[in-house]
Structure formats: structure tokens, C-alpha cells
Amino acid sequence: MNAADTAFVMISAALVLLMTPGLAIFYGGLTRPKNVLSTMMHSFFLMGLASIIWLIYGYSLAFGPDVGGFVGNLAHFMGHGVGTEVKEGLTIPHCVFFAFQGMFVIITPALISGAFAERMRFGPFIIFTALWITFVYAPVCHWIWGGGWLAKLGILDFAGGLVVHLNCGVAALVAALVVGKRKGYGHRSFIPHNLTLTLLGIGLLWFGWFGFNAGSRLAADGVAGNAFIVTHMAAATGSLTWVFAEWILRGKPTTLGLASGAVAGLGSITPACGYVGLEASLVIGGIAGVICYMAVLAKDKLGYDDSLDVVGIHGVGGVWGTFCTGLFASKLINADGGNGLFFGDAHQLLVQIIGILAVLIYSAVITAVLLYAIKAVSGLRVTAEEEELGVDTSAHGEVGYNL
Amino acid sequence: MNAADTAFVMISAALVLLMTPGLAIFYGGLTRPKNVLSTMMHSFFLMGLASIIWLIYGYSLAFGPDVGGFVGNLAHFMGHGVGTEVKEGLTIPHCVFFAFQGMFVIITPALISGAFAERMRFGPFIIFTALWITFVYAPVCHWIWGGGWLAKLGILDFAGGLVVHLNCGVAALVAALVVGKRKGYGHRSFIPHNLTLTLLGIGLLWFGWFGFNAGSRLAADGVAGNAFIVTHMAAATGSLTWVFAEWILRGKPTTLGLASGAVAGLGSITPACGYVGLEASLVIGGIAGVICYMAVLAKDKLGYDDSLDVVGIHGVGGVWGTFCTGLFASKLINADGGNGLFFGDAHQLLVQIIGILAVLIYSAVITAVLLYAIKAVSGLRVTAEEEELGVDTSAHGEVGYNL
Amino acid sequence: MNAADTAFVMISAALVLLMTPGLAIFYGGLTRPKNVLSTMMHSFFLMGLASIIWLIYGYSLAFGPDVGGFVGNLAHFMGHGVGTEVKEGLTIPHCVFFAFQGMFVIITPALISGAFAERMRFGPFIIFTALWITFVYAPVCHWIWGGGWLAKLGILDFAGGLVVHLNCGVAALVAALVVGKRKGYGHRSFIPHNLTLTLLGIGLLWFGWFGFNAGSRLAADGVAGNAFIVTHMAAATGSLTWVFAEWILRGKPTTLGLASGAVAGLGSITPACGYVGLEASLVIGGIAGVICYMAVLAKDKLGYDDSLDVVGIHGVGGVWGTFCTGLFASKLINADGGNGLFFGDAHQLLVQIIGILAVLIYSAVITAVLLYAIKAVSGLRVTAEEEELGVDTSAHGEVGYNL
Amino acid sequence: MNKIEAIIKPFKLDDVKEALHSLGVQGMTVTEVKGFGRQKGHKEIYRGAEYLVDFLPKIKVEVVVKTSLVNQVIEKIIAAARTGSIGDGKIFVTPVETVVRIRTGERDEDAL
Amino acid sequence: MNKIEAIIKPFKLDDVKEALHSLGVQGMTVTEVKGFGRQKGHKEIYRGAEYLVDFLPKIKVEVVVKTSLVNQVIEKIIAAARTGSIGDGKIFVTPVETVVRIRTGERDEDAL
Amino acid sequence: MNKIEAIIKPFKLDDVKEALHSLGVQGMTVTEVKGFGRQKGHKEIYRGAEYLVDFLPKIKVEVVVKTSLVNQVIEKIIAAARTGSIGDGKIFVTPVETVVRIRTGERDEDAL
């Protein structure tokens, strides 16, 4: 066991955990005040729910011994075999690996919840995310990180461009379509109620993302250091390009644009961060800031109500970053990785594209099946009256502010 | 010296420090807006006061050479002997151990302050906490962690179920009784003024608690990893069971219930985290969520005004977790620990019960003596007028919000 | 390569990054609500802008091969040579050193922005900070940490008393004078709009400062441990002395005083923390709390409008701490450091004074030149109408709160 | 001249504004208020305690018009603010003796 | 009909509500306001600066009733809102010409 | 007696307060409101969406005085609140039938 790696991964896991509260306030600030708590509740509740599922069987489905390249078996049911001894192939205790990965299963469905904020019923939300973790997150995670078929193909996804970002972005699109628009969407105004929360949220997300990306190396070495700095640079570039793009198009540079661009940069660099160098990070992050902004602008034309822009930012960013990994990856950065097209290996790009399509289709189909099934059985939305009153009060019997 | 352990404990100490601001906003969000600053001031002021006491003599009383099993002597007065060299028996510099432990002496009295929020005078608060650290915290810490009589008996308290949680919970009960109810308690409504603060607070607390619990191993190893993951799981389970309990009893799952349940789970696992495994963490955290909720409900019947439920959550959680350590501890998890009843050693449970009773009685008696003495000399409460106007303005000449 | 040091410096870098969002909300809470976002934007925008400058040429100017003791050359243009291999003379990857130092170049100009909050135009702000990083931050950093002339003289500045605090404080003074007072300054009231933000901000700053100061050791050892604990103690003492000073002078202890005193203590200990012991930290922090408070009180008499008191707190604190390093530094604490006057070396104090004067004069002159040049070309301030309406709306098209 | 005060449901504000605008009304003043009435409130739950919150968020729109317009304004407001469910709110009409425009000092109908 | 406007201390709102309710008053509208009057303000201190804050938080309760009820309502409000110390507030009574219930279009006393 | 309601620009509140004070007016009540009028609003931008915000923050000052003071009060308010640019606001004067001081039960002019 390597104590330094163990320390590093534990602290990284703590940083990733903090991203979920960070996301909760990021999202919370963007809703109307009558829905701030219900929106935050989605994220916070998953800190409980997803963790318990992870312990009972989620980890085993994702990282248990491979079954047909598709999913893990139940060898680690209830944490069986996840102890203080070093995990094979690593230098850290198995339980630390379990903990680190256990933070990713929280934030991925939490990200989706931005798509149906302000109108989803709480019961169906619980059912949906429990099923989604089981039937989407765990298998996709297995394919890529658990030794499944995409791993065998040689896919590169350092910290979750596919597993986390594209996956949640696609699910968010389906959810926005199936759950439907918020009442008044298109003619009433949906203005963020507290951007100080959102800005603090991006601060915590950016901070936690160092654990997410550098920690994914599972060791405190040069590759982790590289992941650290390219993550930072992609966030920096994404925040600037989004701001400048809207300054040009709309005449004003906004703080929400800055925060959104940072998330776009961070999401995009996620699959690439362990494989690409500094120049690539500028390209990946910088273009992410622009294309994610365009994707958000396009939403209005396409007409679905993805309340907090999960699709435009995480979905598009996830595709972009995964694709770029197939361009910019280099064994000079990480000998354990691969070479992208620009470093001579066109095959890697092909694998990345296969990965994108596979996750996109799988996540879209299963998410749709799950949501339609729940809709048929119990419905997904609060009533019109509850929506008008606010979900905080109607579902949770609380209000955010009594100032 | 082990650099990895040193890095781990330094970062853990930083995480524990962050818990106090986290607690401040957790508490601050729960008060009425006219008392948010005074409530936060209690915690923030202790970051100064408790630290200075710790440096001057607190550390020495707690960890100095043993005097009769009860308290340390003044060998470390003014940080004497606390330098950059490795502390005997550990792998980290003495000053790092001093710093880590110095964060616990801040948060423990900060937790108590929730009991008398919205009505305590600031001067008497300072006197009380200074005396409480001296006469309660330091000796109890010595008994358990400083080689005192409970340590000799073999008590298991990994990260402060007794030293921190039961200790502050009991003191809180006494304080709520001696200071008396808030004006209008029972007929006016005391509604949290800003639950977004409280939710962000639980986010920071949960994050920091990894340093609190895993860091208490003082080394980056498998036992620390175990402490890390069981802490997380207990928080997760506690948050869920509290929410489901109130969903059943009151018809609504609330965000404040979630946050409260997480704290209940975290407080309860604290003494146990270095000794118990994953299944035990579910039981400890899960039941904590329910019994702490019951304890909070009971408060209304018992009729004392513990403003922010320190007794129901930390007091009850501390007892429950310490007791469970006597049931679930296992040398398979931590060879340096002990075996609980379920692992064959009934004696350990007995020791745990002795520990609970000793801390409970000692903390209650000395806290009562201190508070009655201060009450006699200077009074404890703001005037009725000051209370009506709000303590922020009357004591601190500030208001929280000018929106 | 040392994995423990690498882990420690990466996490420290993440902590320093977090200080900028922490500063943003610290500052944001102190403005009027119509300017909260524009104030936060200054800090957040620098997370992008300063990072990109750092990558392109800033790092090279600061840490590239020395040119005449004044500045580095462009050997590291675009991150050239900054890879995963260990940096010469250190135990960590070059890219990790680059990342750690890259966080300091963000927060230093972000600190300045407090001086011209609520009235600066955004475009000129960008130009100014870009030039300031280039012509002030990078060279001063080179003088002291990059092997420049002050380093050769033997200056002691462990974590940035000169490079960060005095430097930004002097620039802030010049900026407050050149930009001019806020409309109505002196007769209207400028009351903080949300002190809960400011308190949370000091919590995050205090937390992040451990990475700033202890991380500046670039290794997880006893000296880092010493830096950690003296940082904590100086913050503690500064917060207490400021509060008691205002309690005596104005009759009330305030939360803003506590937060300000903590920053004063933290800023003052910054240059000293790797060289001085615990007693010195009490003196440095404790006196800082009082003299920075006096400096803030003096502002009203001197009549410049340094909106958020950068001069009084960081400028004065930076001078004080750097001076004290020349008094209290001791090779017993850090054999790589020096001895101050009280440990027998008057020469060290002289060097410190030279450093103070050099940075003070250089930063003042260049900042003035830059600001007057920009003022001449494009103006610095928003129009009177925009100022009345609020910079959030007029410059960014957003409002902070819609509660 | 008269002041017409309408207490309406918050989400009806835009509709009422449009309606008044279409009548040629050039100005109005809006206040966030809390209303107590036949519309029942909701329960809030904070840890142990349950509270019945019977003050509901409402918007008060105040518009001063010349007396001849009063009935039209009332009709328009009703048309815009009505949902048909309890709690739609009330309109109160009170007399106004004088109106002054601060900028110009104009008085009464000229000032509207 | 008349509108009765009472400016009261914030913590007296529940008592006033109960009192009006006991009179059979079915509705009222409440606004958070700041009052300036004989009751002295307080000092606030922010770093260097001291400010005298002389606007104090108050609650305005507005209730429209038929004229015959006005005196009873005034009595009840006084009984509920009085603490005897300065700053208890004021009651203003103004004439109301028309009342309309938006939901039904009912007018005047029927609309109350 | 009359109630004078002035809708003013927020940053003019202190000046108006001073002005009224100088007239011997002992009390007033202030409310944060949003005004819609000739003064144009501003654009806000949130990610994709642009909104025209045409409700601007204003302050409503209410002061009840004996009728003989009304004109003086109006003059003072105009003098204090006028900037000359659009949106300076309006003054409305309405009749008040009764005033009561809650603390003492005093009525009408004695209660002011």
C-alpha cells in the first residue's frame, strides 16, 4: 500500500463528495425561489440514496467480475470483499477505491435532475434515479471503467466524459422531453433567483473537480499533476470564451455565462485530462465554452425545457471532450493511455466515436423506457396547482427564505 | 516522519477547521433573520478564542503528562515542546498533531451554542465557553484521548462520540434549561429563515467530517480508509431514515430532515468509525436517523427550548454511537481497537457504558455549575427588548441582510 | 519524485484556488445588492484570465531563467518544459509547481478589485489586470521567488507577504485614488448587504489559507506543519484583537470585525509562517488585528474610497508581516530560512525593509502608470447613471437576487 | 381621480400589466404583499414543529386614473387576473384628491 | 366601506390577525414596511463606519370593512397590538368607494 | 387629514426624510415597491434568454398630515426628490378620516 496515494485518493473522494452540495447550490440559485429547496433536495437526497445502492449492489454491478462485457456480477454484494487491504492492481485500500467511485454515482444522477427541476414529483424522482443508477449508470460504468466491452476496445475516458457527462446529458434530454415543459415556459420569465448561490456553486465545483479529475489517476504522480493543471486550464478557457461569445452576441458579459463556461470546460476536459497536454486543454476548453453556449441558445429553437441546461452543457461537453480525447491523447503525457489521431492513431478516434454512440443510444433508450414506465404507473409531475404554489411548499412543506 | 501521514493529517485538520464555518451557516440558516449573525458569531468567535486557549494551556491539560488519570499537567504551557519533530508514538510532527486536535476544541463548544441561540448575551457566552473548555472539554479529552482513566479502562472513541458529541449535547441540555426559553417559544413561530444556508452547511459538514473521522487515525492507511467510507455510509443512511420517518409521520419529506438525519448519522458513527465495518455503519446511521428524530419530537413534550436541537441530535447521537461501538467494534477492522459484544467481548460494552455515564454526569454537573455561577454574577440573557429587536443589532450593531 | 509531497501540493493548490471564490463572496457580501455580481465577477473572471496569462507567458516571466535579476525570460512560453517530470530542486512534478503558483496569480489582482468595487468598468478592469499581472505581479514574483534580486539579497517571504499582500494593497491604494470615490461616498450609507456571505467567505479563506501558507513549503514536513499552525494562530489572534479593539472603541464587537481581523492576521503571518514559531505568531497576528483596524479607521480621515479596505488590511498587514519576519525569523524553525533581529541577525531586518520599500514603490508607480494610461484611453468608471442603476444590471445585464 | 388597488395572484402580474397597458394606462406601482382570506394556506414542517401558514404571497397593483376610466380598468383587471379559483383577490377603489408629477410639478390629470 | 390601515410592531401580527378573525373579518392584506417615528432607531457599525438606522421594521395590515364595523375593528386592533411602549404604531382610516371580488365580480359589501 | 403617498427613486429616500423632518413631520412609513411608467426598463440576460425588465425599484413614502400641511409637504417632497430625469415619481393625496395612535388611543391630529 502506498500511503501517499491513499491520502490523495481519500482527499480526492472528499472533494468529489463536495461537488454534489456545490451542484445543489449551483442549480438552486438558478430556479425560482419557490423551488430552490426541491431542486437542492434532488442532489442532497442522492447523497443518501445513491450511496446505499452503491453499497448494496451498485458497486458490484459496476466493478464486480465481468459478465459478458456488459455488467459486473454480485460478488461484492453489500460491500463483500471491499476491505482495508489493497485492491489488486492499485496501491490503495479497496475501500478507498470503493469510496472514491461511490462519489461519482451520486453526482451523475444529481446532474440529470437539472433537466426536470421545478416540476418533478419527489416519489417518482426517487424511483427513477434508483432505477437509472441500476440500469444505466452501473452498466455504462462497467463498460468503460469496470473492464467491460468498451474498456476492452481501448476506450479512453479518464474521469467520466462518457460515464458521467454524456450519460447524464442524454438522460437529461430524454427527461426534459418526457416530463414536459414548466407551466408558462416560453411566455413567463424564468429568472435565476440568487446568482450568488450559483457563483459559489461553481467555485465549489471547480475546487472539487480537481479531486474528480486528478484523483481519477488513483495515485499522486505526474499524470495526476497533468490532469490537475489541464483541468484548471480548460475551466479557465471555457469561462472566458463563453463570456466573450455572449459579449459579442448579446452585448453583455454575464456572471452566469462565466459559470456556465467553466462547467463546459470542466466537463469537456474530464475524459481527456489524463491523456492530453496543456495546448490541447486550451483548445478543448475554449471551444467547449463556445459550442455549449450555442447548444444552450439552440434549446430555445428546439423547444424543449431543460430547465438548467444539462443537455447543452454536460451532454454536448461530454461528446466534445470524448471526441477530442481521440484527437489529442498522447502517450507522452500518459504511457498507460493511447495516442489520438493527431499523435498518429486514427483507430483511437474510432473507438471514441463508438463509445459516444453506444452510451448515447443506450442511455437514451433505457432512460426513456424507465420514464415512460413510471409515468404510466404513477405520473411524473406535480399538479398544476402544486407547481404554481411551488414544489418546496407542496412537496416538502418548507420554504427557502423567510427574510 | 512519514510525509504521507503528515500531508493527510494537515489536510484533515484543514477539513475539520472548515466544519466550524459550516456549522455556523448550518445554524445561521435555522434562526430568525434578526439573529443570524449573533448565531454565526458564536462559532466564528470560537475559532479565535478556543485556539488561543488551546495554545496557552488547553492542549497541555488535555494531552500533557497525566496527573492522576484526570487531566494533563502544564508541561506544554504556551506550546512548549510542540515543535516540528515527530510526536512520540506517531509518524507526524508534534505541531501537526497539536493543530489537528486544536480544531476539535473549536467545534465542540460551537455545537453547544445552538442550544442558547437567539438569546444569550455575548460577554457571558465568552466567559462560559472559556471556562467550559478549561473545566469540561480539556479533562474529558484527557480521560479518553490523553491517556486518562477512561483510556486506561480501554474505552473506544475513535473521533469523538464522547469527547465531542455527547459532551456538547449534555452541555446543551443544561444550557437550554438554565438560559431558559426564547420569548414567545411555544406560541410564536420559529421558522428557519434561510434553508439554503443550512443545506450548504450540511454539505460543508459532511465534507469536513471526512477529515474529522478518517483523519483521527493520524495516518493514511486502511483503517483511515475504513473510517472514511463508514462515515459516508452512516451519513447517507441517517439522512434517508430521518426523511422517511417524517414522511410517514408528517406526510412530507423535508430538506431540513435530510440535513438533520445526515448530522445524526455522522455524529453517531464518529466514535465507531475506526472500529466497525460497513454493515454496522448502516445500522448505526440508519437507527440514528430515527431515534434522533424521535428525540427532537420529544423536545416539544419535555418543554425545554434547545433552539437548534443540539441535545436531540448530538447528545442522543453521541450516546447511541458510543454504545454501538461496544456492540460492533471488531479487531478485524482495526487490530489496535477492540471487540464489541457481537464480536465476543461484553466487557467492551461495559466500558462504553461507563464512559457514557461518566461524561454525561461530569459534563452536566460542571456545565450547570459554570452557568449558574455566571448567571449569578452577570446574568446570561439579553434583555427582553434586545431579544425583540434581535441580538444581531442589539449586541453586534449589525444586520445580516440589506437586500 | 515524492508522492506525498506531490499529493500535498496538489491539494494545497486546490485550496488556494478555492480562496478566490471565497474572496468573491467575502467581497460580494460587503457591497450594495445592486453590485454584488459585478464585484464577484472581478474575482471569478480572473480565475480564467490570470490562468491563461500564466500559461502563455506569466509563469515564464516569474519563474523562467533570470534576466538581470529583474524578470524571467520566455523559456517557458506556452508552458514549454512544464511537464510531468520533477522540477529541479524540488520533489514534485514541474506541472504541479506551475499549478500551485498559478493560483497565486489569480488571487492577487482579485484582492485589488476590492478597492474599486461598485464603479469600475468591466473592459478597463480586464485591461488593467492583464497589464498589472504582466508588469507588476510577474516581475515582483520573480524578484522574490523566481531567483531575482531580492531573492539574492536573502529576502524572506514564505508565502507572499510582499508578492501578494503588500503588492495588492499598494495597487489598491493607487486604484482607489485614480478611480475616485463612489457616488455619494461620505454622505450616503454603504452598508454590507449580506454578511452571511462575508462570513462564509472568511471561512473559506481561512480554510484555503492552509494550502496557501503550508503548501508554500512544497513538501509535507515539519516546516509545513509549523506554517500550518502559526497561520491558524495568527488568524485566531487577529480576529480576537480586532473584535476587542472595536468593542472598546465603538462599544460593540462585530462579526465583520472578526472576519476582518482574521484576514489581517492571515495576511500578516503569510511572509513569516515558514520561519517563525508559535509565540511570534501571536504577536504578529494580535498586533495585526489592531493596526489594520486603525488603518481602516484612518481611511475616513484620509478621505480615499477603498471600498472594501484592501489597503488597510492587506497593504498594512503585508508590511507588518514582512517586517516582523525580519524580527522573529529563526533557523531553529526552518534551517533553510534565516535569523531575524531577535535571533541575532540585524541584516535580515534590513533586507526585509529594502524588500518592503522596493515592492511598495515599484507597485505604486507602475500601477499608477497603467491606470492613468487606461483612463486616458478609455476611462475607468461606469457613467453616473450606470452607477446609480447598479453595475450588475448596467454592465452584466443581471441582478443578484430575485427573492 | 381614483386609486384602484388590486390584490392579485403573483403569476397574474404580467397579464394585468398588459391589460392595463392596452387601456393606455401609462404607469402603475406594484408591491409584494401577503394575503389572508378564504383561500386556505399550507402546512410547513421544520424538524419537530408544524406551522399553518395562512398568509399567502400576493401582489398589490396600484394604479391612479381619472374617474371616468375606473370601470374600464376594473373590467380589464378582472379579465386578466381571474382564474376562477378561490384567492383570485380583490379590487378596492378609493378617492384621490391630488396627483403631482415630481419631475415637472404637473398636477392631477396632467400628471398621470 | 372603509379601509383600515394599521402600522404595527412585527411580532404583533399574529395577535392582530386573531383579533380581526374573532370579529368575523374574513380577509386582510399585510405588507412589510419600515417606519420612522418617535421610536428611536439603533446604531449599526461596519468596520470604520457608524450609521444611525432610524427606519424600523413594521408591518402594515390593511383591512377593508363596511363602515359600521370600523370602530370595532379599531378597538380590536388596539387591544391586540398595544404594548404600551413607544412605536406601537398608528391606525389610519380611509374611505373606499368600491370593492370587487375578482373571482366572482361581486361588488361592495358582498365582495368582502 | 390627508395621506400623502410619494413614489420616489430609492436613493432619494434620505433627502425626502430630511425634508419632511425639517417641516416638523414626526413620522412616516416607507415601502419598497416596483414601478412601471414612462421610464424605460433594462434588459437582463440569463444564458440563452433575454428579458426586458420594466418594473423598476422605487420607494413609496406615506405620510399622514393635517390638511393644512399638505401643500407644504408636497413642495418639500418635490424639492427633495426631483432629479429632473424621467421616473422621478408621483405624489398622490388621499383623504384620511381617522387616525389613532395605538399606544395611547389618541385620535386624529393628536395622534400624528
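To keep things simple, chains are lettered A, B, C, D, E and F as they appear, and every chain counts its residues starting from 1.
One rule holds for everything that comes next: contacts are C-beta pairs under 8 Å (C-beta built on N, C-alpha and C of every residue); 3 or more make two chains touch, one makes a residue touch a chain.
Just so it is clear, the model here is predicted, and its values are computed rather than measured.
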Original post:
Between subunit B and subunit D, which partner chains are common?
Top reply: A, E
**OP:** Please find the path from subunit B to subunit F through touching chains that uses the fewest steps, and give that number.
**Re:** 2
Subject >> Least step count from subunit C to subunit E, where 1 means the two chains touch >> reply: 1
Original post:
Is the C-beta contact count larger for A-F or for B-E?
Top reply: A-F
**OP:** Please pick, from C-F, C-E or B-E, the pair whose interface repeats that of B-D, with more than half of the contact pairs identical by residue number.
**Re:** C-E
Subject >> Interface residue overlap between copies subunit D and subunit E, same or different (over half shared) >> reply: different
Original post:
Using mean CA coordinates as chain centres, what's the subunit A-subunit E distance in Å?
Top reply: 51
**OP:** Averaged over CA atoms, how far is the centre of subunit A from the centre of subunit B? Could you give it in whole Å?
**Re:** 33
Original post:
Hey, how far is the Cα centre of subunit D from the one of subunit F, in Å?
Top reply: 18
**OP:** Could you give the separation in Å between the centres of subunit A and subunit D, each centre being the mean of its C-alpha atoms?
**Re:** 44
**OP:** Could you check subunit B for residues that touch two or more other chains and list them?
**Re:** 2-4, 7, 11, 189, 191-192, 194, 200, 250, 252, 254, 256, 397-399, 401, 403
**OP:** At least two other chains touched by the same residue of subunit F: list those residues.
**Re:** 31, 43-46, 94-95
Subject >> Which pairs of chains touch, using the document's own definition >> reply: A-B, A-C, A-D, A-F, B-C, B-D, B-E, C-E, C-F, D-E, D-F, E-F
Subject >> Residues of subunit A that touch subunit F when the two form their complex >> reply: 189-192, 246, 250, 252, 254, 256-257, 260, 296-297, 299-300, 309
Subject >> subunit A-facing residues of subunit D, complex >> reply: 11, 14, 42-46
Subject >> Contacting residues of subunit E [partner subunit F, same complex] >> reply: 2, 6-8, 31-38, 55, 58, 60, 70, 74, 77-78, 81-95
Original post:
Tell me, which parts of subunit A touch subunit D in their complex?
Top reply: 184, 188, 388-389, 393-394, 397-399
Subject >> subunit E - residues contacting subunit D, complex >> reply: 3, 17, 26-31, 64, 94-103, 105, 111
